[in-house]
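One structure follows; several queries about it will come next.
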Amino acid sequence: MSAITAKSALALATGILLAATLSACVADEGGGANAGGNTSKDELQCGLATGEPATGDPIKVGAIATASGGVDFSSAPKAAAAYFDCVNENGGINGRPIDYSYQDDALDPTKTAQLAAGYAADDSVVGLVGDATFIGCDVANAEYAKADLYSITGVGVPQACFTSSNIAPVNAGPRQSAIQLLQWLEQEGKADAVFQVGLNTQGNGDWVAAGILEYAEANGINIVGTELTDPTETNWLPLIQKIKDSGATSVIIVDPGPITAAILAAVEQQDARGDIIWTCTASCYDAQFGSQIGAYWEGFVANSELQLVDADGEDNELWKSVMDAYAAGDAPRDTFSQAGFLAAKMFTTAVLELDPENITRESVSQAMLGIKNAESDLLCRPWYYGEADEHNANHSTRTAEITDGVFTKLTDCIDSGDPALASILENEQSLGLVG
Amino acid sequence: MILPFIVAGLVLGSLFALSGVGMLVLYRTTGVLNFGYGALGAASAMLAWQLVELRLQPVLAYAIGILAATALSLLFGFLAGPFLATVNTLTKATATLGLALFILGIMLFMWDDKARTLRLPTDTIGFSIGTRITVTQLICLALATAIVIATSIYLQRSPTGTAMRALASDRELASMLGIRVRRVELLAWAVSGALGGISGLLLSSQTRLEPVFLTFIVIPVLAAVVVGRFRSLVGTLVGGLVIGVVQAVSSAFPSTSPFSNATPFVVATLVILYLQRRKVVTIEVAR
Amino acid sequence: MTAVPQRSSRIAVWRAEKLFTVRNVALAVALIALFTAGPLVLGAYWTRIVTVSMIFAIAAAGIALLYGRLGLVSLGQVSLIGVGGWITLRVGHATELPFELVLVVAAIGTGLIGVLVGLPALRLSGLNLAIVTLMLAGAFEVVFNVTGFPNGGDGFLGRAQGGVLQQPLPRPVLGTTDPDYFRYVLVVSILMFLVIALHLSNRPGRAWAAIRQSEAGALAAGIGTVRYRLWALAVVSATTGVAGGLLAANAGLLDPISFKASQSILLFATVLIGGAFSLLGAAIAGFLSQGLPPLLDAWGVNGNLIFVILGLGMIQAITTAPQGIAGQLKGLATRLRNRFTQGRSR
Amino acid sequence: MSNNGRLVIEGIAIERGGREVVHGVDLVAEPGAITALLGPNGAGKSSLVLALAGTIKASRGSVRLDGADLVGKSPTAIRTAGIATVPEGHRVLKDMTVADNLRVASLLVPRIERPAAVDRVESLFEELTPLRGRLAGSLSGGQQQMLAIGQALVSQPRYLVVDEMSLGLAPIIVRRLVPALRRIAAAGVGVILIEQFTQVALDLASDAYAMAQGRVVVHAPAAELREAPERLEQAYRLA
């Protein structure tokens, strides 16, 4: 009865296992697509681009992001923070640095409301930039509206983020992203029988699904199936079976990246890809996604709500270089990071117009609301804020496909055909926010 | 077409059973029902994934993952064992909730929630018999069955296994008979940790590689142990397989599909209530 | 339970002759101060956090009652908060009843469900009950995900879907603003604590203590163990249902994500750490579960480390400090008082 | 100081539940002889047995065998040193088979000697041989007692401590056990027989001790007490 023999037996077994499978080599993945910039730290054109650190009285800016609790959307505020750091190294807001930090709501709407109330009550917070919340835009907006506080949100996910008076997201949102995939399928003549997959979450998955159905109905597209699953689902067989049975020719997946990856893995395991065109919304558009899902998914299509990460262009280059210089090496280089960066950049531009001695919540709010016609090569169409009860300025997106494990451009901008956007489009024209 | 569901259910069920056997060996030997068991498996899977990402030889990474789970389990047994020996089973189990939270916190701190999949080289090799079966699935089924059988034989035949059974039967008497209680217990912690590590790796490839999810997979695993009435290895194997198959098959029909994930909970609750039907009171004996 | 010393069910606070002790007067003064000045001192952010902490303290008091007084481990209490919240939202949207009445309905409804669930579970004790409640927490997680929470829509589930905006439930008339709602929750929490304290200091409390001491002894003394356990479960479920109602009205909406089985385990851990043998412990537990994470945030500590802290704290509480933080505070108070009186007598 | 292989207990005191229940007991057992330890219920006999086995720790005093003090040693170490204890209530590993029960007990013996050790026990208690495959919990009380004594003997002890051997067993079974104990002692093993009822023990023993209220109240040759049983009654009453 000696533990030592048992332990050595274990070691021996491990050793045998090792030796037996040592022939399985490390797969050569080519290192994924690392979206690196080409500008050195000293030459970054952030804010005033003076090269002098700002030393004045700090300007407090906050954000709320869902960073823990099951999903991590913190790439947006991380990018915003990187850009603000760069601005502070380059003269700040006419000499005043931006004191930026974000809070994690842990995917709990109660906590979102708490954090929003905290920002609303803290008069020194002049504005919110680069938020990324998976929940709770409605409860947060109620607090902001009372306190005249505005947010240039990086990433909004649920419907409420796009129907709020004080929240204006830079991203297009899952509904636009999904509808535009459908439009792309339509253009390509592949929208004969479409199956949509999403999350069964209130004000989010059901809202997107309804959008697809509305667009499909308006344009005579046959949606052969809608499957909304539990966020904790792990058994994808029923889904795959339903997709097979439905005779779908294309599939639109509207799930967070990790869940999409799990679905794709299950499809691969069943070898059920077939001739179906598989697509997903911008939530899986990440530089590493291609290498995550593997070679089986060559030709997989994703929507990108902003410019592709490896594209050229002034702002895209600045974003990549700022990330290289000021963000952690493992901070994601994805659409949402671009959105956070752009939110920070547009905020900086607007606030730089203000008298540095008179930067208050009131003046900043006015400056933010006044943003219109903001052009960027990251966007398809100019972005704007404007006083309104709904904000969805970004409604034109791009499509990419995986080639050699990396997302490459498939189409340039497609304007959204979501019927629910009518009032937004009308506002754009009547208020002169674009064009 | 129900066959793919049955196959998937068998695979998942066999993994529940494999985990369950690890929990059972520990419970029978030490009286500790380890709620932190899922967290051990999760730690093993996450660590292995990280090492593979760092371009380590995958097999070595898996081995290190399993060893890490073994070491963690052993460490907890070493540190907490003397205390646990003095309290009743409920307090023992409650203490392991602390272990679960601790490991989970460390994992969440180290790994955020990015798109991750633990790809085993065997995932893409497969064949079709009405439905596609991958080599990984075969390995899961074969390994689970083999380990259950091997553990049964080990407990039945080997001196240490006999000592473990003696401890499970009557701890005080076993110690009077000269069994080195502490050493046997630590061995049980190690064996259980290793089984947890193996099943964590396989579970993460068959379900999802996510610390919280893998940590709380201990709940359906517990259900398998309950079906085994906290004593029978074969019962646990059967329990795991039945739970896995019922869950998968019920997911095939639209009317039951949304609730299929509740299968383990329902099965376990029914079994516990059935087993307790005649007892009004269970008197806990401090071991 | 060998690890936990037995304590009598006496709660001195609620005996008429002892009502005006120094301690109680101090407690009353502290609560009145919290009521009047709390929101001002705390500021908007912390007012909301403390509001939610008080709500969870009610649920924590239920867990503490079951664990500390009856030796029962229930790992599904957060699910019961969800049940209370569901009923509140459903009834609140469907009727024009004042919120207080809705809370009563939620209390009764949750109490009933708690008893229904508990009825078979009462035959169990120890480990089996812990497992069954954990399984039920898992099952409730699935059910909540399937049904969602009512948000002003139609049908039995009361759930608006597909691009229709969800309607938040209005707050009670007496607590529309955050500071007012803070006071509202404070009063309701005190009421719930009183309900539990009154039970403890009267016949049920004595019966529970007897049952915990010895099941057989209690039976021999003519105490209907099943009846009294059922009563404990009803009280705990009803108060937890009220907590759910308060949580629902706090933001007006609830999300299934807040009621995972893991949350129940976390709350149980905080009760062990706070102290399962006193209401002070429950109050501390409420703060640990809801106030500690933002506090860590404020100190710049990663929010995920809360699991590590609670895990270690729980192990520590089980092994060396069964009375939890509350017990340690009380010990400290006693030592200080002894030192003080000794110093004076010298 | 070797004491010629005697087991010498000196001044053993034991606390249980914060209360001292044994207050300094002295006892000497000879190899190859049977020593009786008598006393009424609650005299502290069983506590002494558990302390001898190492499952509870004596608060003071010593237990010496060949000069080594065994107080505070683990049960395994005590067993290895040659003292095997049979706890009261014919306790066996109920959900294991008879064969497994003996096998567990033999684990302390070097691997090659195990089968022989088990064979010796089976030749002493031949009734057990056909029951090898049965679960120990399904045996009769007498069979369980044989198995329990057998488990102790498998480890080839120098001293065998049997607590309440005859309690709860039919006289016919006790009569079966008596010669077995004699044979064990004749083989050179020192036996300490703890009994509440005196008849059997005094018949078997050469030397006898009686305990009451945690103390030794009588120490005399067994034959003397056999002649004058009233001495025990008196001693108990005085204590």
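The first chain written gets the first letter, and so on, giving A, B, C and D; residue counts start at 1 in each chain.
Criterion: a residue touches a chain if its C-beta (ideal position, glycine included) is under 8 Å from a C-beta of that chain, and two chains touch if they have at least 3 such contacts.
Bear in mind that the values here come from a model prediction, so they are computed numbers and not experimental data.
J.: Among the other chains, which touch chain B and chain D together?
T.: Per touch definition, common to chain B and chain D: zero chains.
J.: Count of steps on the shortest touching-chain route from chain C to chain D?
T.: Contact-graph shortest path, chain C to chain D, evaluates to 2.
J.: Can you tell me which chain is nearest the middle of the complex, judged by mean CA position?
T.: B
J.: Computing the C-alpha centre of each chain, which chain sits at the greatest distance from chain D?
T.: Between chain D and every other chain, the largest centroid distance is to A.
J.: Out of A-C and B-C, which chain pair has the most contact pairs?
T.: B-C
J.: Report the inter-centroid distance (CA atoms only) between chain A and chain B in whole Å.
T.: 36
J.: How far is the middle of chain A from the middle of chain D, if each middle is the mean of its Cα atoms, in Å?
T.: Roughly 76 Å separates the two chain centres.
J.: On a C-alpha centroid basis, what's the spacing between chain B and chain C, in Å?
T.: 32
J.: Provide the list of chain B residues touching at least two other chains, using ranges where the numbers run on.
T.: 108, 159, 163, 179-180, 212, 258, 261
J.: If you look at chain D, which of its residues touch at least two other chains?
T.: Answer for chain D, listing residues that touch two or more other chains: 107.
J.: Show the residues in chain C shared as contacts by 2 or more other chains, in ascending order.
T.: Within chain C, residues 142, 146, 304 contact more than one other chain.
J.: Draw the chains as points, connect those that touch, then say whether the picture is a line, ring, star, complete or other.
T.: other
J.: Report the complete set of touching chain pairs.
T.: A-B, A-C, B-C, B-D
J.: Touching chain B in the complex: which residues of chain C?
T.: Touch list, chain C to chain B: 1-4, 71, 73, 120, 123-128, 130-132, 134-136, 138-139, 142-143, 146, 215, 225-226, 261-262, 265-266, 268-269, 272, 302, 304-315, 318-319.
J.: Any idea which chain A residues touch chain C in the complex?
T.: So the residues of chain A in touch with chain C come to 67-70, 103-104, 106-111, 113-115, 117-122, 135-136, 138-139, 142, 159-160, 163, 200, 202-203, 206-207, 209-211, 213-214, 230-232, 420.
J.: In the complex of these two chains, what residues of chain B are touching chain A?
T.: 1, 4-5, 8, 12, 52, 55-60, 63, 66-67, 70, 108, 112-117, 119, 121, 123-124, 126, 128, 131-132, 134, 136-137, 159-160, 163, 179-180, 183-184, 186-187, 190-191, 194, 207-208, 210, 212-213, 247-248, 251-252, 257-258, 260-261
J.: State the interface residues of chain D toward chain B in the complex, per the touch definition above.
T.: 53-55, 74-76, 79-80, 85, 87, 91-96, 100, 103-105, 107-108, 151, 155
J.: Quick one: which bits of chain C touch chain A in the complex? Just the residue numbers, please.
T.: 43-49, 52, 141-142, 145-146, 148-149, 151, 159, 161-163, 165-166, 168, 178, 247, 250-255, 257-258, 293-294, 297, 303-304
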